[in-house]
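Just below sit the structures, each encoded as C-alpha cells.
In the two complexes that follow, subunit A is the common piece, with subunit B as its partner first and subunit C second.
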Partner chain A sequence: MVTELAPLSPDLDHFALFGFDRKLVLDSAALDAAFLRLSRECHPDRYAVAEPEIRAVAERNSARVNDAKRVLSDPVRRAEYVLELAGVERPDGEAKCPPDLLMEVFELREKLMEDPGPELVERVLSLFADVEEKLDGLFSRHDAAADDPSRLEALRGIRETLDRRKFLMNLTREVEGTLGKP
Partner chain B sequence: MPTVIGIDLGTTNSLVACMRDGVPTVLADERGVKLMPSVISIGEQDVMLVGDLARHRRVTAHDRTVFSVKRFMGRSFEEVKDELHLLPFLVQDGESGPVKISLFNREYTPQELSGFILRELKRRAEKALGQELKQAVITVPAYFNDAQRQATKAAGFIAGLQVLRIVNEPTAAALAYGMTNRDSGTVAVYDFGGGTFDISILSIKDGVFHVLSTNGDTHLGGDDLDEALMEALLPSLPEEAKDDRQIILGVREAAERAKCDLSSEMQTMLSVEVPDKPRIELELTRPQLEGVMAPVIERTRVACENALKDAGLSAGEIDEVLLVGGSTRIPMVRALCAEIFGREPRADLNPDEVVAQGAAVQADILAGGTRDLLLLDVTPLSLGIEGFGGIMSVLIARNSTIPASATEGFTTAADNQTAVVVHVLQGERELAAENRSLARFDLPVDPLPAGLPRIEVEFLIDADGILNVTARDLRTGKGQTIEVVPSHGLSEDEILGMVKAGIEHGREDMDRRWLVEARTEAEIVLNSARKAVAQAREAGFDEDRIKRFEAQLDALDEARKSDDHAVIRAEQQRFNAETQELAGDLMDAAVKRALAGQKLEEA
Partner chain C sequence: MAYSKKVIDHYENPRNVGSLDKDADDVGTGLVGAPECGDVMKLQLKISDDGMIEDAKFKTFGCGSAIASSSLATEWVKGKTIDEALEIRNTEIVEELALPPVKIHCSVLAEDAIKQAIEDYKRKREKKGGVQQEETAEA
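So, the complex of A and B:
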C-alpha cells in the first residue's frame, strides 16, 4: 500500500507538467501519450485503499493533470492560456470588435434580415477560415520566435485575432440560428 | 489483499460479483440464482425481506412491499410526484431532505431502503466467499447527478460498506467487454435498464478505457415501458377495478410479463391475477405493444445523437455497439439502436450481468489486483454557479475527464458582510433556475469593507463524480473544507445515525430471520400450490389424487406455524418433491389442451 504521495508542484505550468516547451503548435499524439503516462501515475484508482490524506492528494494531482490536458488539447484555450502566462493583456482591457470586422458584421447582419440565404453562410465560413489561417501562422511565428520581443509581437497579434475569432463565432451562431443549422 | 466486491444496484434487479482467478464472476444465492430483485418487504416480526421473497409479496403484501427505490435516490418530491399514482406505496415530500417512503409502520429514506438491498448482497457475497467483506464498488447510471451519486454512496455506508468507488454502469460494461476483447477501437455502450437510460462512447486502447462522452436520462427505462402499457390498458379494465390499488399492481405485473413475452412471441394473453378477485384477461399483440412503447423508446435517440456530437464523432466511426440492460432484449429497441449507429449491435454479452462483472473488474483494480487497466471517466453534467442576473456560469463543462477542478474568486458587495452565498448548479441550461440546484452554502468571510475579502473557492469533482469544495482566504491563507450537503440529501451526521442503526440491525437474531424467511417461502409455495389445485380440478384430474395433494398442502400449512425454521424447510422440501409430479402432469395437460386447440383452429 502507498504510504506517501507528494502533491504535483504548483510551480509547474501546464506545459511543464507534461514535459513540453511552451509551444502553440502541439503534437496531439505526444500530448495523449504524456497524458496517459501521467494519468497512470496519478489516477486515484491507484490509491483507492490508501489513507484518506493520500487519496485526497491523488484526487487533486489527477484533477490537475486532467485540467491541464483539457486546456492544452484545444488550440484556442491553449493560446489563451499562453497569453495569460505571458501576461499579455488587451490594450484597453476589454475585448472589442476590430473596426473593419465591425463594418463587415454590420453589413452581414443587415443582409441576414433582408435576404437570408446559403451564400451568407458561405461568406461567414470563409471569414472564419481566414481567421483560423491567420492564427495558425501566428502560432508558428510565436513558436519560432528567436527572442522575447518578436515572441511578444506574435502574442499581441494572437490576442487580437482570438478576439476577432470570438466575434465571428457569435456571428456564425446568429446566422445558424436564423437559417437553421446547415 | 482483502476482496473488494462489485455491486450493480439496479432499479429492478441487483447483482454482486467479484474477481475469481482473474475472471469476473457474478455470485449466486444458495439456489444458484444470480439476479436479486431490488424489492424490499417487511415480513412477520418486522423482519426485512429482500430479493425474491419480497418480489413474491408485491401483490399479496402490497402494503408492506416497495420496489424501484432507485428512481427516488437523490430526487426531490417535485421531480417524482407525477408518477406516484401508478405506485402502490406512499411517497412523501421530505422538504429539504430526501423523499420519505412509507413502508408498513415506518417511513424510510431511499438511501436506507437501498441500504437494505446492499446489505443483502453483502450477506450473499460473504456466504459465497466464506469471508467477511467490507469494501465495495457500486455502479450508478452514468447520467446520475451529484445528489444521486451521494445518495448511492450513503446507502453503501448505511449497509456497512466502505464504498471505494462509484462507477458508471456503461463504463463498467465496457470494462468487462474489454477484458476479453483486447482490440482497440471506439465503442458505444447503449444501456437501457429497468429505470434509466445511458449512452456512453469510449475509446479503448492499450488497456486504457477513455470515456469520450456520455448522455442519457435517469428517468427512462423498462419501468416507463410498463407504465406506458399500464396507462394504455387501464381504460379497458372493468370500472370497479380502476381504483383498486391491488388490481393496478396486478396490471403492472401482467404488463411486465407481457412485455417480456412479446420479445419472443408475436402475441400473448395478458392475465391479471389478484387473490380473491376475478381474473382479468386481455389479448395483446407485439404491434400493439410497439405502438405503445415507440414514443418512450424513441427518446433514447436524441441522447445518442448528443453523445456522438460531444465526442466529435459520426455514427460511422463507432467500431462496436454494446447492449446493456434488460430492456435491450426488446426487438424494437435493438432495431432502433441498429438504425442510429448504422450497424448491428453485439449480441454476445449478457445484458443483465455485464455491469456487475465490470464492477468486479474495477473493484480488483482498486484493490491492487489488476494493474494494467486504467479507467478515465467523465462528468455527465456541467457544473457551475449562479452568477449575476440568475445566469449559470459554467466552471466544469460536461464530459470533462474526472477528477476535474476549477477555482473561482469571491468577494463581498456590502461592508462588514460576514458570508457570501454560493449556489452550485448542475445542468446544461443557461438560466440558473432551470438547472438542478446542487447545493447552496454560505462562505464565511471576516467582516471588512466591501470588496476587500478575497476568497478562493476550489470546486473538485472527484473520481466518483461527486463535488468537493474547499475555500481559501487569500488574505490570511486560511483554508477550510466545506461540507456540501446536496439539496434533498443527507448530512454526514444523518448518515452516521443510519449507519449505527444498520449495525444494530445487522446484529439481529439470525434464528428469527431464518424463521421468517422459511415461513414466507412456505407461504409463496402454498399460494402457487393452491392455484395448481384449482387448475387440476378445472382440468378434470382424479378427485382422490387432488384430495391427497390437498392433505399434503395442509401439512405444510401446519408446519409453517412451527417456531423452528429447520422443521419448515424440511417439510417444504418434502412437499416440493410431491408437487413436482402434479405440476408436471398439469403442464402436460395444458400442453395437450393447447395442442388440441391448435388442431381445432387448423381444422
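So, the complex of A and C:
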C-alpha cells in the first residue's frame, strides 16, 4: 500500500497530463496505455490505508484523469477542447452562423420532411461524409502547422467545420430515422 | 428533464406553422440557427405599410423548446408594431415557457429570428424606396 501521493498540477492541460503534445490526430492505443498507467497510479484503492487527505488527493486525481480521457478519446470533443485552449471562439452576431449554411440546412430539412426519398438520403449522408473528411484534413493541417498563424488558421477552419458538422449531424440522425436505423 | 405544460402545449399544437412568400415586399424573413445544438428556425412576418405585424409564420427544426419558443414568438408579435416586437426579450419567453437553463439558447434563437425578420423587411423597404426615387429621377 502506498501512503504518499502528490496532487496533479492544475497547470497541466489534458494533453500534458498524459505526456502528449497538443495534437488533434491521436493514437488511441497510446492514449489507452497512458490512461491505464496514470489511473493505476492514483487509483483510490491503492491508498486505502493512507491518511484521509491523501485519499482525497487520489480521488481528485482519478476524477481528473477520467475527465481528460473522456475528452481526448472523442475526436470531436478533443477538437472542441483544443479550440477552447487556443481561445478560438465563434464570431459574434449575424456571422455566428453563415447564412448560406442555414439556408442549405433548412432547405434540406424541408425537403426531407416532404419527401425522404433515397436520393435525398444519399445526398445528406454524402454531405456528412464530406464534412468528416474535411475535418480530418484540417486536423492533420493543424498538427503539421509550422507556426502559430497557420495553426490558428486551421483552428478557425475547424470551428466552422464543426458547426457545419453539428447541423448535418441532426439531419443525418433524421435520415437514419427514416431508414429505420438506430 | 421534463418539459413544462406550456412547452408541451406549443409542441403538440404549434401556432402559426407555415411559410409566407419570402419574395413579397411586405414580408420579412428571419432564418437563424444554433451551432451548439444544430437547431434551425425560420420566422416570417407580414407587415403593413404603417408598421403593423399582420401575420406571422414559423418553421422550426429542433427540440421541443425551440418549437415552443418560436410558436410563442409568432403569437406575441401578431398585432404588434415592429417597434413593439423589437422590444420582446428572450427572458420573457424563458419566463412564460419556464425553460430550464440548458434551453435558454432556444429563446435567444426566437428573439434573434424576430429581429432578423424585421431587419429583412426594413432592408426590402429601403431598397424599394431607393428604386422609386430612381424612377422619379429618371421621369
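To be clear about the criterion, the second predicted complex is superposed on the first by the 164 of 182 C-alpha atoms of A that agree within 3 Å, B and C clash if a C-alpha of one lies under 4 Å from a C-alpha of the other, contacts with A are read in each partner's own complex, and residues count from 1 in each chain.
In this section, contacts are C-beta pairs under 8 Å (C-beta built on N, C-alpha and C of every residue); 3 or more make two chains touch, one makes a residue touch a chain.
Remember, it's a predicted structure, so these values are computed and weren't measured experimentally.
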Which of subunit B and subunit C A:Ser39 touches, first, second, both or neither: first
Touching partner for A:Thr161 - first (subunit B), second (subunit C), both, neither: neither
Subunit B versus subunit C as contact partner of A:Asp67, first or second or both or neither: first
Overlap of the subunit B and subunit C footprints on subunit A, listed as residue numbers: none
Partner subunit B, residues of subunit A touching it in the complex: 1, 36, 39-40, 43-45, 48-49, 59-60, 62-64, 66-67, 69-70
Contact set on subunit A toward subunit C in their complex: 90, 94, 96-97, 99, 101-103, 105-106, 109-110, 162-163, 166-167, 169-170
Residue ranges of subunit B in contact with subunit A within the complex: 135, 164-165, 206, 208, 362, 365-368, 374-376, 400-406, 460-463, 468
Contact set on subunit C toward subunit A in their complex: 31-40, 42, 59, 61, 116
